[in-house]
Amino acid sequence: MNRERVRALLHAVKQGAVDPDEALESLARLPFVDVPDARVDTHRALRHGLPEVVYAPGKSAEQIAAIAATLAAAGQDLLVTRVDAVLARALEGRIASAVYDARARILWAGAEEVPIAGRGTIAVVCAGTADVPVAAEAALVARRFGNRVAELSDVGVAGLHRLLAANEVLREARVLVVVAGMEGALPSVVGGLVDKPVIAVPTSVGYGASFGGVTALLAMLTSCASNVCVVNIDNGFGAAYVATLINRL
Amino acid sequence: MNRERVRALLHAVKQGAVDPDEALESLARLPFVDVPDARVDTHRALRHGLPEVVYAPGKSAEQIAAIAATLAAAGQDLLVTRVDAVLARALEGRIASAVYDARARILWAGAEEVPIAGRGTIAVVCAGTADVPVAAEAALVARRFGNRVAELSDVGVAGLHRLLAANEVLREARVLVVVAGMEGALPSVVGGLVDKPVIAVPTSVGYGASFGGVTALLAMLTSCASNVCVVNIDNGFGAAYVATLINRL
Amino acid sequence: MNRERVRALLHAVKQGAVDPDEALESLARLPFVDVPDARVDTHRALRHGLPEVVYAPGKSAEQIAAIAATLAAAGQDLLVTRVDAVLARALEGRIASAVYDARARILWAGAEEVPIAGRGTIAVVCAGTADVPVAAEAALVARRFGNRVAELSDVGVAGLHRLLAANEVLREARVLVVVAGMEGALPSVVGGLVDKPVIAVPTSVGYGASFGGVTALLAMLTSCASNVCVVNIDNGFGAAYVATLINRL
Amino acid sequence: MNRERVRALLHAVKQGAVDPDEALESLARLPFVDVPDARVDTHRALRHGLPEVVYAPGKSAEQIAAIAATLAAAGQDLLVTRVDAVLARALEGRIASAVYDARARILWAGAEEVPIAGRGTIAVVCAGTADVPVAAEAALVARRFGNRVAELSDVGVAGLHRLLAANEVLREARVLVVVAGMEGALPSVVGGLVDKPVIAVPTSVGYGASFGGVTALLAMLTSCASNVCVVNIDNGFGAAYVATLINRL
Amino acid sequence: MNRERVRALLHAVKQGAVDPDEALESLARLPFVDVPDARVDTHRALRHGLPEVVYAPGKSAEQIAAIAATLAAAGQDLLVTRVDAVLARALEGRIASAVYDARARILWAGAEEVPIAGRGTIAVVCAGTADVPVAAEAALVARRFGNRVAELSDVGVAGLHRLLAANEVLREARVLVVVAGMEGALPSVVGGLVDKPVIAVPTSVGYGASFGGVTALLAMLTSCASNVCVVNIDNGFGAAYVATLINRL
Amino acid sequence: MNRERVRALLHAVKQGAVDPDEALESLARLPFVDVPDARVDTHRALRHGLPEVVYAPGKSAEQIAAIAATLAAAGQDLLVTRVDAVLARALEGRIASAVYDARARILWAGAEEVPIAGRGTIAVVCAGTADVPVAAEAALVARRFGNRVAELSDVGVAGLHRLLAANEVLREARVLVVVAGMEGALPSVVGGLVDKPVIAVPTSVGYGASFGGVTALLAMLTSCASNVCVVNIDNGFGAAYVATLINRL
Amino acid sequence: MNRERVRALLHAVKQGAVDPDEALESLARLPFVDVPDARVDTHRALRHGLPEVVYAPGKSAEQIAAIAATLAAAGQDLLVTRVDAVLARALEGRIASAVYDARARILWAGAEEVPIAGRGTIAVVCAGTADVPVAAEAALVARRFGNRVAELSDVGVAGLHRLLAANEVLREARVLVVVAGMEGALPSVVGGLVDKPVIAVPTSVGYGASFGGVTALLAMLTSCASNVCVVNIDNGFGAAYVATLINRL
Amino acid sequence: MNRERVRALLHAVKQGAVDPDEALESLARLPFVDVPDARVDTHRALRHGLPEVVYAPGKSAEQIAAIAATLAAAGQDLLVTRVDAVLARALEGRIASAVYDARARILWAGAEEVPIAGRGTIAVVCAGTADVPVAAEAALVARRFGNRVAELSDVGVAGLHRLLAANEVLREARVLVVVAGMEGALPSVVGGLVDKPVIAVPTSVGYGASFGGVTALLAMLTSCASNVCVVNIDNGFGAAYVATLINRL
């Protein structure tokens, strides 16, 4: 609720330009515009100066295409996450500008190039090859949100030399997104090597006692490195979102 | 592992100033100094330019006083967390400069005034009065780590007007720490009101189905606000640590 | 066990009109009539003055059609919940009067119009678009049970302005059903805005740490708003049932 | 947020009687008055026309007495829940009008008699003697909230005859609170005997696989009786709160 | 390990009729005969004087048919549990005497009539129609194991009158198997009505907080009726097995 | 609900000896007599021809002594379970005939000798010395309920020879109670050695991954021996109760 | 990080043969060679003198074939685990030397015969036929890693005689891998019979309270036999890996 | 069951030196001698050539002293684990030769020096100072079991340099015990640095989401290093036991 707009409105009421009852109505409804049926969290992104983001699961190609059309008419970009291959094909036929990244499961309908708005580099570090889809989601979202991104893959803690070899990448990042499944130990190790905020993303990679990512999640929450905070299992998007906000400070 | 120091060492080896075997020894041991028995995570804090921090549970007054003496001799500050009233009295008798904050359960042995090193303000927002100890820990740690801090208490989601009244505090913060127990909904609501990173801290406040903070933890991890990341239950210290790193960017 | 009918029976025994052994038999069997094979909880609904309700999963089209025929012959309405598209087509071919609502997954075989029996309006409030099927089930059941219903969708807690804009709808309701997945915070916020009973319905919407609705369920059970009570995950029907009983008081 | 007060305020702004900036301030702060340090959820109760309620655990006798003094000065009643014997003695020395009920662990500081405001009777039904403290809390809160209350104890499902003997009490209630630990089956049985809303309260009574009330909680959430909704483990207060709101409809 | 056979063997050793090394071999191998590949728990059944039982999941039609052939040659009966419709058709083509019961998912290859060996009647009581497959498994196994069986269905605790109407069946049983899903309350209620052992079988029927039968399982383990013991979720076979042993005493 | 007494009552109504309203009252209240305040499950025990049993935790010495006095006056025995040493001393001063067994934590107030009513022997088998209190409770309850009891201790599965040495005891039992903590494997092994019903009692003995008996409980529920059924953690009393009912068949 | 190679490198720097910056680079990168895209844990195996191992799930036939080609060119063996029948066919068409074992779900591309490198025999002991795939994986991996292997199947604890008959196999092993699902009791029993290390492998075999192997896992972790250690659910490969390292000592 | 002793016994029977019935008795009872009341798992230790071990919790000083006396008379050593300071004082007064190690909570009553029986060195590696009691238990048990032990403390993964500095200790060990709480990542990192078996011991150190060691336990079970196996939470004794058996191979 934009304080300045509220103050302006109240002054208009004082000057008789706006009726009190009308003002009351405005006070409540002001900061959003309706997009029919499937508007998930989009208004916040808008206020944050970021493209619209739609989480695909549970939405039809028709619904997503309708949103894309509305946004295109308004000159606004759209990023769709968790798009599987079948939905991607359906959307590519419906949205002219659609670009699909299969590894990151992301469809982009917007400007070809996004101007850099972040002040430093976001490093996206990934423990194993099976964690790559989540890391790729984080990396691509971060790029589409206007950040420089450095990716580092297959640097799991059971082969430390490989991680240490990339020490320079780690230390040059302004904020780090660290993705791992199974025992989820990588954020602790990376957290100990840098003095920047680390956003840990547990993945559902593993079997048996990894419980679909719960073990990695708990391990990251109990990390002995104090510069680690955590997002939900497989939530590469959320990690990139927080990292973007930090990188704009 | 400070790259510059390693390069200097290798050059010294090349010039014959340092023996290879001696260099090997140095390579491994360089970045830390031994404090006997209870050195928990202190070396990282040091490298991050922060005071030493000791987590009190499981340590005796003697052990903590010994660490304090070593640090005082080196002109370094010490912050002890989770200090209960009994331990506080024992420490105040042993450490001359000790200042105890009962609400935050923190003992400080160091400079009276810490210079401001953070670039903006960290808001510490707290849902209920029972969550205050955790919020106070976060706020005091943030201050001792050189940040400006704004505290906001008793603004739980079941009484929205109070939170909305403090909207200005929320929007002027550069990074926010949001503390809540029970259903842990406050970070979602705050996250929707600001465009800055929110670090959510679940507390163990509640009974029955709050399961010692697990419900709040899970709620925060599944927040529908994308700018929320999470630390461990009752971990006010960790939230302040991450917020400090962000606020120094 | 209708006390008056028991008293009447005992008087009939006293007067010799009924044999004691026969009375004993009647005492036990009185209040129900048999419908073969799939009579789930229907007798209670009957006694409550509501249409029969059948929970579809695990029942064949044949079984449901047989129940419908029996009830139609008796002039009684039937409401079938959790009917997927395939079963709906099969039932529409077998039950003449069947009306299927795909959004609510409900099939209705009964009077076109149900007279209003509730004294006020039941508000069905829904956090996100993914929660809509559960909210739609609650809303349609409430209507078929003779209530006025007001629906409010996509008013999640991370975008408070939208919820506050609908404040009037909330405050005019006599009882509220609040549906939310993920962190399940909406009932707490709504509960703080009204002074009426709130029936919270957690949904299985979400991924990772939402654990199929368990996180939302726990959050609702630990709500800091005292006027909130809770039903099972995805149980839109049950919430409408309780709301109907309250609305008839 | 009282709509009428907001409208009045806006009219005052229009007429120049109130300055816009001042109005802005009032808009946010209006509906609450500060009670220092320990104001838990009290404002909502106030708006609902109920006495203030304070949850005692974690508060000192001094803090509670201070709240009581403030309220007494304002002519308002106070109900304190979860008061153990030690705290009760300390409070009785500090609050003149304090009346303590050891069975319900409730301290009351207010009018001797509360006028009946509920339209019917609330039945509080309790499975075993070990569940009595929770049931007593529910019953006493309901009484202090202005309801007629009927109590029924020791009517566990393994001795049905006793419950059936009390059938009349069950059927004459307008709303029922049903309290049970261990397997938590009583609400299902009672729910089948009445056509009124049933608020189920699981208790932490039991050992081993009762997991501190979790088993009873889950059993109640999965009740095969559709007229059952549930509150948190041991939350007799919350059940009475919801029942009161229903009984005032 | 049959003590008499061991004593006989040792006497044979003493008399020189058996060589010590040979005896040692016999001591270990005596009580079983090999059936290739899929001999699950069959030797115990044999010693208990019961037909062979094979748990079908994970076994091919070929494997089961091979076992059946071996047993048929030895004049022994075979009972196969958890046989779905597809496997049943495959087996009926391979085993001449196969009789399939679709409701109980059991295939029988053996004598048409099993002589009664149990001393009384086993009652199999079932809460809802969805629980019927598990109850039917229990009932058919009990019959094939030589017991008289009385079945009682759809007598859930939310409609007590129906259960009470069947009181005679309950009280005439020598041992009872009680099957229920969801809140699993039926064994407690039945346990209170009889003075015989009750074997409770939780089923995986339900959704949300029923957690695939875990809630019913926990409820049965914490039953307030002392004559209840419990077997695994959906384990109708196991309940019938224990009931058979009891009924032979 | 004694059918014969109901029939007699109905005949009395027919003959005019009893008034219908009076009969109605009797019908409901017949089978129990009130003992003030702490009557836990006693009526069932009475109907089963067993002594009264009181579960001590949560009851005061005064309450238990009052029950004992009432029962003594009526010539009935009393068995109190889970009596710790402090309570035992308090009760021994209040109940003349009290006999306390510290190992089993049971206090007995009744006949010195209980006549044997069970037809065979109940074996109580115990895995480790730490499980002894639970096994002792089972054994002593079984004896006070009129059974011959054979006890077997310290026969854990990691030392099979000891268990095999006691094979005779196992095979001569008519029903077996098997008590184990930690991995809870003993019932499976014993179940494989006998052809009688085995009642498994998990104990809370262990640490770490034994989770207060949950691991043993789950292991027993998934036993590969089909003749095993299970009661709650540490519920030696319940196991003895079921075993007694079986042993009376 | 091979200390000798580091020392050699530092001496080379001293002698001017290697440039310090170049040395720094080497220090970090030395011990691994890149294999594109899917290098999971292979470098460790290499250093341990074992064939490369690839975990198949999540990898395409193309990716695996590419790795196989690279390794074949280098004269190195490849072992692929968790290969289902469909993938096996696809791989057999792409890799000339591929040998597929359907029971163990392992594909081998390497030397026909692996020389024995282990000093003794590894016994792989398996509780039930349903556990065989996991046991077969352990046994085949152990063989391909150069060990003598003795397999023992269907020796569950409910039929002890069969296990005791194989006592000699157990006692002749140098290290034992024990595989069991359901209650997971076999490692405890085997552990009591031998004085060698036992590696327990829980399997996901079972239903209901076996929770996909969690019950077996917990039972093995709480084993009363002190010579038991545990690997993840269904992790036959890991058990064989540890057993191999032990058998080479 | 010593095969040779059984064979000898059978030959004695054959030769008439031993009576068959007597032999039968011996067969069962042979391998153990009774120590009254508290013989926990001692016979296995004996057969393994190790001192007797008693787990103290739940045993009185009297019971332990009695065992010690019996063993001393037999010239056998005794190791008591989990001895707190109070018990230690009580035992030191009762057992002449008792030596108490407060850090490891172990009391030793036996030979001053234990001869080295292990072939290499066991490294006991410990993540944080709070984990030291568990590591100390492992180290002292390993020493008393006749192994050379190298201890490494405070080498948590968030400060890798310290661990890498100790690389030599790690690589010279024949088997490693790795102890860690919180996120339990250390075994994965150590496992990647060595080619020897690693026995991981999770500790209950931590708070909130560490769940008393469960998080560390799960992390270790899902380790991406294949040479890691796991024992129960805080089970330093068990790890040392397994390591000893490995080190004797």
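As written, the chains take the letters A, B, C, D, E, F, G and H, and residue 1 is the first residue of each chain.
We take it that contacts are C-beta pairs under 8 Å (C-beta built on N, C-alpha and C of every residue); 3 or more make two chains touch, one makes a residue touch a chain.
None of these values were measured; they are calculated from a predicted model.
The set of chains touching chain D and also touching chain H is given as A, B, E, F. Comparing chain pairs A-G and B-G by the number of C-beta pairs in contact, the larger count belongs to A-G. Comparing contact pairs by residue number, the interface of F-H is reproduced by D-F among D-F, B-C or B-G, since over half of the pairs coincide.
Inter-chain centre distance (chain E to chain G, centres taken as mean C-alpha positions): 38 Å.
Here the spacing of chain E and chain F, counted between their Cα centres, is 26 Å.
Distance from the chain B centre to the chain F centre is 53 Å, each centre being the mean of its Cα atoms.
Residue positions of chain H with contacts to 2 or more other chains are 1, 3, 41, 44, 128, 156, 158-159, 164, 167, 192-193, 208-210, 214, 217, 221-222, 224-225, 232.
Taken in their complex, chain C has these residues touching chain E: 1, 28-32, 37-41, 43-44, 58-59, 202, 204, 212-214, 217, 232-235.
For chain A in complex with chain D, the residues that touch the partner chain are 3, 6-7, 10-11, 13-14, 16, 20-21, 23-24. By the touch criterion given at the top, residues 1, 3, 41, 44-45, 47-49, 53, 119-120, 164, 167-168, 171, 174-175, 192-193, 195-197, 199, 217, 221-222, 224-232, 237-239, 241-242, 245-246, 249 of chain F touch chain E in their complex.
Those residues of chain H whose C-beta lies close enough to touch chain A in the complex are 127-128, 156-160, 164, 182-185, 188-189, 191-193, 206, 208-211, 214-216, 218-225.
Per the touch definition, chain E reaches chain C in the complex via residues 128-130, 154, 156, 158-159, 161-162, 164-165, 167, 205, 207-210.
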